[in-house]
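Each in structure tokens, the structures are laid out below.
Okay, so chain A shows up in both of these, paired with chain B first and chain C after.
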Partner chain A sequence: MITTAIDNSVFEKLHKTEAWMFTNVSALSKIDFACPSEVDVSVIATHDIAPENPFVVFVNGVFQEGCSRIADGISVNADTHGDIAARGDSLIPRGDSSSVSITGTHAVTVHVLQIVTGDVPVACFGNVIVHAAEGESISLAETHIALTDQNHVFMPCTEVVAEQNSNVTIVRSIRGSKEAYHLGSLHVAQHESSTVQTHTITLGGKCVRNEVYAYLDGEHCESNFDGMYMLGKDQLVDNHLRVEHNEPKGNSREFYKGVLDENAKSVFTGRIYVKEDAHQTDAKQTNQNIILCDDASCTARPQLEIYADDVLCTHGATTGEIDEEALLYLRSRGIPKDAARTLLIYAFLNESLDELTDDGFRTVLVDELLSNLPGGNFIRTLYL
Partner chain B sequence: MNNQANNINDPKKAVAESLPGGGMLLSSSNPVEEDTALLKETFKEKYKWGFVTDIEADSAPPGLDESTIAFISAKKDEPEWLLEWRLRAYRHWLTMEEPEWAHLTYNKPNFDEIIFYSAPKSLADGPKSLDEVDPALLETYKKLGIPLAEHAALAGVAVDAVFDSVSVGTTFKDKLEEVGIIFCPISEAVHSHPELVKKYLGTIVPYSDNYYATLNSAVFTDGSFVYIPKGVKCPMDLSTYFRINAKSTGQFERTLIIAEEGASVSYLEGCTAPMRDENQLHAAVVELIALDDADIKYSTVQNWYPGDENGVGGIYNFVTKRGKCQGDRSRITWTQVETGSAVTWKYPSCILLGDDSVGEFYSVALTNNYQQADTGTKMIHIGKNTKSTIISKGISAGHGQNIYRGLVRIQKGAENARNYTQCDSMLMGDRCGAHTFPYIEVKNKTAKAEHEASTSKIGEDQLFYCNQRGISTEDAINMIVNGFCKEVFRELPMEFAVEARRLLEVSLESSVG
Partner chain C sequence: MTTPLLEITNLHASIEGKQILNGVNLTIMPGEVHSIMGPNGSGKSTLASVIAGHEAYEVTEGSILFNGIDLLELEADQRACAGVFLAFQYPVEIPGVSTKFFLKAAVNAIRKYRGQEELDAMDFLDMVEEKAKSVSLNIDLLDRNVNEGFSGGEKKRAEVFQMAMLDPLLGVLDETDSGLDIDALKIVADGVNQLRTQDRGFVIITHYQRLLDFIVPDFVHVLKDGVIVKSGDKSLALELEEKGYAGIEACKSECSCA
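Showing the complex of A and B:
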């Protein structure tokens, strides 16, 4: 049994640092976190999105062997950590949990389901290690769901090593209770000519921090780090990225977009770091926000730190309302105002989901998005 | 990387060299290395204006405590309230820590070694006109090319020259007085217009604002005071030159500009400083207040001594500049050309409080050798329909590090606020750095904030194009850099635009990325 004894005090002063200045999690330092309780395993079945695929289930950080389907190349070990996370300056505490290791080539997406639940606040970790050897291809879907409305704190940490010519895709979705805290991190080390794509989709949670640390350690790396969020009352998402171009000819894209309703808050901090002599780096980062309510707010810090001269780096951030002209276009064609608004928001967010290649997972996420979206049922009647 | 590898990535050059005689066009078989050598050579150009005037200074002993502040205050014969204000600032300063968030590395100044007050002694007698000014001082100005006496008339500029903390000559005073404009050293304004100074001093940059602004509040020695009455358009550009002279003198200037309803003024500030081996601290505070329909344009050409090619010496320029568009439809424009200082830490800001007010920031920052500049702006949108524009051009060469750090904050009540930000960086050489750290905070859904940034170098194909047409590499670089900075230069007043161009040319002759 894994205990969840964590040192609460680390949360108290995190927001005093530059990296956390817009995200205050000091409330966590006052919560007594309990040990995980017994779980009704029947709920797990409802989240088994792809019954044919390998399936690894954790509840409160504890591996559920009975519900999981383990394939070749997937193993669950106690207390193992990768060494990629140590390269960054992440302040999220690390802890022990059963770790999933994924290696080899997988024809279908491996689904890792992490459930946090309990009648009292629970704190737990989830460690995943992905190692794609030369030429291998791995697709991973991580679903993080808090089932109960408690101040749970879940701290998943996924470490990825992509060796030469390998290909790794990770879709991480944060769903469920709008009371839970989610402090997640992804650490990626890439070797020559490898391709890594991550999609971080935030639909649930009260305070969600998604950190991505990427190290492009070989030439010709391709990296795509995307994010999407749809937030409502009292929700905050903090997407925090650092992409290090350490070798020439790397190509990285960060594209984060979201919609903020009621008093939701979004924070985006992206740092592209280009090391000396990492010439012909091509890096782009973009953050787009649509604000629906007067009380919503967003903060963007798209940052460039460049020490090489032959590079192409751009960043951009936009914030605003729904495009009035697009709205007029739809209304002039007889679509009611509310419906037109919903349609435009959906189109804006769905662009991000369209990139997901696995139909099963995309359908689930579209469905979840629609239930979060004001007027989502209207879209449902149109499309589904 | 060898030349051949470069060619692969630069098809135009590869083609040029594969043609018979094609390489000749580039003047050498290895143009990259040659250009780099040329770059290195011209970047070594010595600081033109490094000289020291020998004047017996009437200085405070080094170090800072309450008696130093009392000394400064007594020297200026200041009223009680000002001394109290200074002491409040000093006591607050003692509780503060030097900020570390800037992307800078430098040795923190040792405040025990700094002389906080130094006045040219001949001034104690108080010159009544230019004739009475110490000829050595005038000589210094001459070397600097400041149009003080008849030059001033020709140039149409009123100069309030600050020489080691004390203003020594003020021209065009009568002309300005005719229309009711007050333009004088702030130490004089404290006596002649105490009600205005008391009303506005520290309202934009409070004494507790930040580490260096607080230090300035405690020990500021002199600076300019400008008051433009209601409805008056200032008939000429106002100008001031600061110059650090006596060794180890921290310069703590305090400038206060007030534009009443419907007033407008253009203020120019320019700096050159003599060569020094040790780092000198310059911590100025500038406060601007624009009431309804007022318009203030503040332009700076900053050329403090940047240190030598090994990064030894140079000025620390830690400046707090802030303007408040207090009235409706007011406008504040900051334009700066930053080529000097070893370390620059400076964010001219606008608080857009009045409805329909406008804030603008145009900046060219150049870092060469081991210079570091962490500079940018803050635009705080509070009023409705407020607009701000930020155009920032950063040029890095040698081992220079150029950082743009800018905040755009749109408060909840700022309906229809608009911001447009463009920050472009140019890198010359592969050991310099260009960094961009924007902060964009939006709390109103009707607001629109746009941010664009790009990083580039002077392309070999651009240089090749110019070379081909008989333009030397040096001229081509000047041309390209000038083009790069054009959006900012065109905002500068005429005489500054000329100076700025010359300054960049001196610093940037023959640089190739």
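Showing the complex of A and C:
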């Protein structure tokens, strides 16, 4: 067993900064992290949810060549970083771990599975670099699973360059143990007329920070940064976004929604920055929460920083309970109260998953969602 | 003697402290269609909501017996299972849930309550196809989320379709004709007429006589200020059309209504 080269003192005072004021990860500074060199790979097969697709597997940050299916345009390199992450002011440590590089057009979604496991706390990194050249399309599904109930910390960093007229879709799901820390970031640079969609789904973890830094560096960029979460006891999710409109006529949307049970907590910070002369920017940010319990809490912080005149920027946040009118409607059709509540929570969250086109990945996420949802088994009986 | 399907006695109800119903009496026998008419604010929709079990309304006095059982003791979902169906004036949109998904939950909840076996996917879909035809409802609509993106007419037709699926003993239609053009009105009425049986009763709440040309009622009642001020046969609806509700008020003293 080797100890990782991680300076965990950085976690001690993070919450004293404005960007982390609602998310305290100082407990991580007191943990001796390790990185087991021998890992049990037998668990991988159960998470190979798209057996026809390219599959890149890491366990505790170590590439598992034997379990992976590499296609053209996918390579695994040692210690490589892209140069997009350096543009932002993210305070999440970056580590020198091997990285996956994905280029070229892929007919199907590339699945990158990152497993963190061990009977002692593990700290590791996962670097992915996506480069879509002019006119190319790349779809990526990232599955991040912490097994074993330790205070693992996983710090995935995905960098995306979307060149002219390219199209990139990333679905990142955080699943598994509810004891692990997940400090992830996505860094996106877009060129003219490119389209990037990211979808961050948080179903696991004790403390999950999802950062998105996006740079719309060309005209007519289309950007959708979406997120969904369903959290319960002692869980926290902090979605932190900065979207920079640096050129005119860009459309960006941030749409995050979630359900919080017990004493779960959600933080949403969305900063839209519109540079001088980035006219006809259309930027929108929305955060919707349903809280099921008085102990749950939400903090939404929309932030607009606009230096151009001719722009349309909107923000909205809602936090509420279940819609009583809808509840009555369902009950007036014979559906018992508890089941009707479950159906409405599922509906609220599923609206977000509905947009995912890839059925294999969608099915797994819906399944995990139902496992987390109180009364979720009832929904399974409704499938046709 | 046959048990009345619905027996409302001296019903008083309020919402947020405001008294709306002031002693409604209404008896419906199996197979009968009763129309309730009345001016805006007379309490028609309140009556429908109270029958369906809307929790915002408080029953302050009186009783409702449904097939001999105390309806006010039952929760909204139990009433639906017992056989009460309310077609909403404003059907609620529910994003994220497909209509089929929702209906399967409803049909099986009701079947379970009635001690019937739950339907599997195949039988359920067969039933959907058959009932959708009866109200000329485009079956593709049912893959959409509940009432979401439906036109006004589609929403009302979907309500009647749901009623056909849930097979109630009592159908309460709350202004199902509002917002419908004449063709849609005929389709909705036709759907309701197909559901008329000797066991099933209907309460048709409407502003206008027009709907009653297509769903011919056995009785017409005029509700005003929370009480039924006049009852009669279908000719009463025509009289209302001619004289308006004000005319009814004038006659209140000289006829023995309610």
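Following the convention adopted for this analysis, the second predicted complex is superposed on the first by the 379 of 384 C-alpha atoms of A that agree within 3 Å, B and C clash if a C-alpha of one lies under 4 Å from a C-alpha of the other, contacts with A are read in each partner's own complex, and residues count from 1 in each chain.
Throughout what follows, a contact is a pair of C-beta atoms (placed from the backbone, for glycine too) under 8 Å apart; a residue touches a chain by one contact, two chains touch by 3 or more.
Source: prediction; values computed, not measured.
**Student:** Looking at A:308, would you say it contacts chain B, chain C, both, or neither? Reply first, second, both or neither.
**Tutor:** first
**Student:** Check the residue A:298 against both partner chains and state whether it touches chain B (first), chain C (second), both, or neither.
**Tutor:** In the superposition, A:298 contacts chain B only.
**Student:** Give the label of whichever partner, chain B or chain C, reaches more residues of chain A.
**Tutor:** B
**Student:** Let me test your reading of the model: by the given contact rule, A:289 touches which partner, first (chain B), second (chain C), both or neither?
**Tutor:** So A:289 only meets chain B here.
**Student:** Taking the superposition on A as described, I'd like to know which of chain B and chain C A:7 touches: first, second, both or neither.
**Tutor:** In the superposition, A:7 contacts neither chain B nor chain C.
**Student:** Does chain B (first) or chain C (second) touch A:316, or do both, or does neither?
**Tutor:** first
**Student:** Just chain B (first), just chain C (second), both, or neither: which does A:277 touch?
**Tutor:** A:277: touches chain B, not chain C.
**Student:** Enumerate the contact residues on chain A facing chain C in the complex.
**Tutor:** Going through chain A, the ones touching chain C are 325-326, 328-337, 339-340, 343-344, 346-351, 354, 378, 381-384.
**Student:** In their shared complex, at which residues does chain A touch chain B?
**Tutor:** 18, 276-277, 279-280, 289, 291-321
**Student:** If you look only at chain C, which of its residues touch chain A in the complex?
**Tutor:** Residues 52-55, 75-77, 79-81, 85-86, 88, 91-92, 94-97, 100-106, 108-110, 113, 118, 121, 124-125, 145-146, 162, 166 of chain C touch chain A in their complex.
**Student:** Which part of chain B faces chain A closely enough to touch in the complex?
**Tutor:** Going through chain B, the ones touching chain A are 1, 9, 101, 103, 412, 425, 427-457, 513.
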